């Protein structure tokens, strides 16, 4: 049963992704990308990653989509027709995908509790969270305590983005003239 | 959007619940899914909704740029300084345990504090980014 | 007591000071905070270096959780050397910011700039010190995001497109690294780099997951390094970024990325896997040689001197990869040494160009004609840095080439020796084009009365020029650390 | 392990890989700056799916400790991906800010047009 | 102060002088006093090192450890002593000459000129004193780089083109070949110290010695072995004092000096003769001697002719090195000195003629001797010394090289030396002769026009070729007589020079 849910969601995602490639109406593309994130969130639920699902829904479907729409309002809505037939990108993508698939050939089957990834470190968290931190959500414990340093980094990343957006688009830019390219150097 | 009375009323009614939900996610993250990051996003979403209906200017009156900037930096500082507090107490960076009497309490307190920092920064950043985009004018 | 926590402090100091800059707002205060933070980090790095040289590898458990359960900060000779480069260049460049920003329309939001600068520094150092594969990605992204912002602040609109291009390619690179880390985790069940290294033989060298992880790691790091032919983002980014940013990034960012490659290929995957069971060396050597030539030749035809230097950076990266491809202690020593020396020379040269830009508003070679008369100190610094870039004796650049050639001789690869030598000669061409213009041509009519650059711009440039000469004569520190790092990298396999 | 089981055990990864490559294709092949970022998002989300697939344990539940449940899925990849999602949205926000500025300076967000503008200078 | 300090001082003084010259840039008189005083002090310092060297010591100065086991070190031995002595002595003479010339010619950028000059001298002395091949290489490169601004001094297209040729050939050869040879040596022998008897014996394959020798000989571009001699004539666009000191003494002699050093202290003369690796070099050097002389014959521009003459004379030294017998090596070393004095005199004369009459082509110099008798007389002395006739210094060095050729049983090179001497006569003596003979009527008016327009035509006519002497400034004439007399003195005291140099082959 679960497998079929899984397959149908993944199938929907594939359709969405292909539609994103095909469509040139950017508003539709952005909406599809939001839907894609929602589908991803549901597949995360299927895979028992509720925290991730929650985040993906809030971020991918929520914040990201909102930002994209905001940008569209400030720019344009239709993508130009691609001028050239992209052969090289196709080759790159096929090779990359092939390597990745090659890599999965030795990965343990989906859901295998004996996979190397399930040994040692992960069980340590499951076993000790209660003892160390006294809270039931292991993800939170790992996030904020065992790997708290990572999360500090994560907060700094988001902080950096905030600073960056202010620096690039802040109100202080409004009075400035358009920046002219330096005349005396050609690209 | 002055003419959409229904929208305005509903937004006003909805907003406290959204913010409350945000707070719930923030503080319940230890027990169920959620945490500072998700809470921050929800919190920000509430204000974004508010600004969509009432206009950015009104939203900025509630949350002036200065406060957002303080939140932006404050969240990171809270997180980082919790770590430093451990150093002063003689433990490793971000160790939490010495923050309270027992390890469990220390950890719990530490996690609570850093999640607070996360939530603060995320909410401020999201709102800042949104407001910045919304007020950007090309001339 | 604090001494034991230095590995954490070196990162945390700039990390705390960055938001402080935003809170303080005043541009003077922010400047002072940024300055003190970088200097404090540098002091920490020096202390750490001494400690590591004395007692060997230092391990620090973040959060008190022993590795592999928690995140470990692990410092050996290679880490501290990179740390030293990044924080050292950061400290020299920081005082330069004050005046340099005036021209780039940034001074109004200078405190934000300092914040981004500190974040970038913090991210780069974080990458250098961490012993955890995923944590490396997080800090890599801190440095990347802040460098996208810093680059986009350039005063030419092409800075924006350059930053965008870098953002896209950089994110692809980082995502590749994430994929590699995921596959490694899948194969070994741990994220700690030392632990991965221990468990890999268990997973087997023919494990296809590990091989794919290796491929993604090399390509991902290669994108960040701007290894030829993945270098398209670099020339524009370094050309149009604000001058101080070009100087800082050119001297540090690619170095840290090379570190990632070194760390993974040699310590994590190990020589046995990377070079014995996989034919990695040959493609690396080929790419390195191509990188030594093609971008150098392109550099000879550029009119914007910053662009000349940017292409030259791509070429110099070729030398580092070349040393890596030798897979010997000598080659690695040369590679690591060149990381350091190249940081010194490129830092110096970009700072000089910043001073030039400050006065004449351009880095075009024709506009720089006859500049030596009006800005003698500035151009003298350029000559100093340029000589080092060519690899003239008594400069740091010579020492790296010396070791590189020795490493090639050790392998008995004559043609490589010839190639190294010939490629240095191309450097002569592009460096001397600039020197000839500045010293032996007449200034354009509107630029006959240019004043010398202010001391706050000259001093940092000259400090680096002196460093170039100092480390060209007194090599016991740089060669000493590089050799130790190389030995530990080779030994780890 | 039979072929069929092998395929059943891996199709999840392969579809995720297909999705990721679709995203990557959009990034490389398309010239519209916004579409590129959408592609980047698709690419990254799909890699996240790949990651989370690795964490799944047959018959397990979400890693929130509760009485009576012994099998949980692996929490570590979840944590990593939480971080990665945040990093992703940060990148997107920054990329979009750049796009807005580029549009302001160039009047277009198509790569080709930007190139031709730079070259005609 | 002991000898070590003087070694350091000899190299430091010119550098200190450079700074002082720079600081006194706006005050020409002070600047030139500084130059001359520095030159004299430098020479005195070098002189202080002489007694211990004559006593058979090798004073050593170690500055720094560049790489493990490889120092930045200076060791003075007779060959280097000799080179340092002539370089620093001739700097004094040239400084005086330069004052006259640069002022007489109203050259721009004089401060830069004097500064680079001082740096070049410092590095030439460093080349002379180098204790190992790497130190020598470093000094050699500094010499190249510091003379580049001198070559491009005029800043016009021609000068810049010449500068590119100059730098292109010298840097390409030194980095591309010499550096590789040095690295190879280091790799093979584990040392780069100049050691009597060489360091390579038994360390590399006999068959590879030829390759190594090739790398060294063509790596030392300053020795101007054909076909990489092009930079030398090109560099003649520089002001004459530069051509005189640097391209008759410091730069080119640094090249052949390095050749001798390499052959004596890196390969070891015995090792070379045993393996026969240097036979090809004899032929190349011999060919260069003859071909360059032939080219010189075709040049009408005096400085160009002298430049090719230099190319030819340099190959004497290379030939001497290739023969690698004790006579030839000492003879080669002596030739460095003899030729330096002879050729610098000739260049000084060419410059004096340029300053006084603005003539650069030999065909224009008819009758000029009557106006500039002192200059032309000195020219004759210099020319005879270069040709190698007694009673001038040049005769000794040629004699010893010829002896060396006989020793090595390479009699053909005695013939080469003889033919070359005849060619020298053919291209040098006509310059002198033209000054005093030949038709001069159509020239008179022209010269009178250009230089004496304030005078009445007719009186100027007679004045120019009759009793009136129009010499170059005294600052030019005195130095060129000093060096001309030096040629004579060298003939008389050649035995002392021989005695001093003998230890290098013992």
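Each chain gets a letter, A, B, C, D and E, in the order it is written, and its residues are counted from 1.
By our rule, a residue touches a chain if its C-beta (ideal position, glycine included) is under 8 Å from a C-beta of that chain, and two chains touch if they have at least 3 such contacts.
Small disclaimer: the values here were computed from a predicted structure and weren't measured.
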item	value
Shortest path length from chain B to chain D (each step joins two touching chains)	1
If a chain touches chain B and chain E alike, it appears here	C
Chain occupying the middle, per Cα centroid	C
From chain A, the most remote chain by mean C-alpha position	E
Chain whose average C-alpha position is farthest from chain D's own	E
Selected interface, A-D versus C-D, where C-beta contact pairs are more numerous	A-D
Between chain C and chain A, distance of the C-alpha-averaged centres to the nearest whole Å	28
Centre-to-centre distance between chain E and chain A (centres being mean Cα positions), rounded to whole Å	71
Rounded Å distance, chain B centre to chain C centre (Cα mean)	36
Chain centre separation in whole Å, for chain E relative to chain C (CA means)	45
Set of chain C residues in contact with two or more other chains	15, 18-19, 22, 62-63, 134, 138, 141, 145, 148-149, 152, 157-158, 179, 185-186, 191
Residues of chain A touching at least two other chains	50-51, 55, 59, 63, 67, 70-71, 74, 100, 104-105, 107-108, 115, 117-118, 121-122, 125, 136-137, 139, 143, 145, 147-154, 156-161, 163-166, 168-170, 178-179, 181, 186-187
Chain B, residues touching no fewer than two other chains	31-33, 37, 72-73, 76, 80, 83, 93-94, 96, 122, 129, 132-133, 136, 138
Complete list of chain pairs which touch one another	A-B, A-C, A-D, B-C, B-D, C-D, C-E
Residues of chain B defined as touching chain C within the complex	69-70, 72-74, 76-77, 80-81, 83-84, 87, 90-97
Touch list for chain A against partner chain C, complex	99-100, 102-108, 115-122, 124-125, 145-150, 152-154, 156-157, 159-161, 163-164, 166-168, 170, 172, 176, 178-182, 184-187
Of all residues in chain C, those that touch chain E in their complex	387, 391-394, 399, 402, 405-406, 409-410, 417-418, 421-422, 424-425, 428, 432, 436, 439-442, 472-476, 479
Chain A residues touching chain D - in the complex, by the definition given at the top	3, 6-7, 10-11, 13-14, 17-18, 20-21, 26, 29-30, 33, 36-37, 40, 43-44, 47-52, 55-56, 59-60, 63-64, 67-68, 70-72, 74-76, 79-80, 82-83, 86, 88-90, 92-94, 96-97, 100-101, 104-105, 107-113, 115, 117-118, 121-122, 125-126, 129-130, 136-139, 142-143, 147, 150-151, 153-154, 157-158, 160-161, 164-165, 168-169, 178-179, 181, 183, 186-187
In the complex with chain C, residue positions of chain D that touch it	24, 27, 33, 36-37, 40, 43-44, 47, 50-51, 54, 76-77, 80, 83-84, 87, 90-91, 94-95, 98-99, 101-102, 105-106, 114, 118
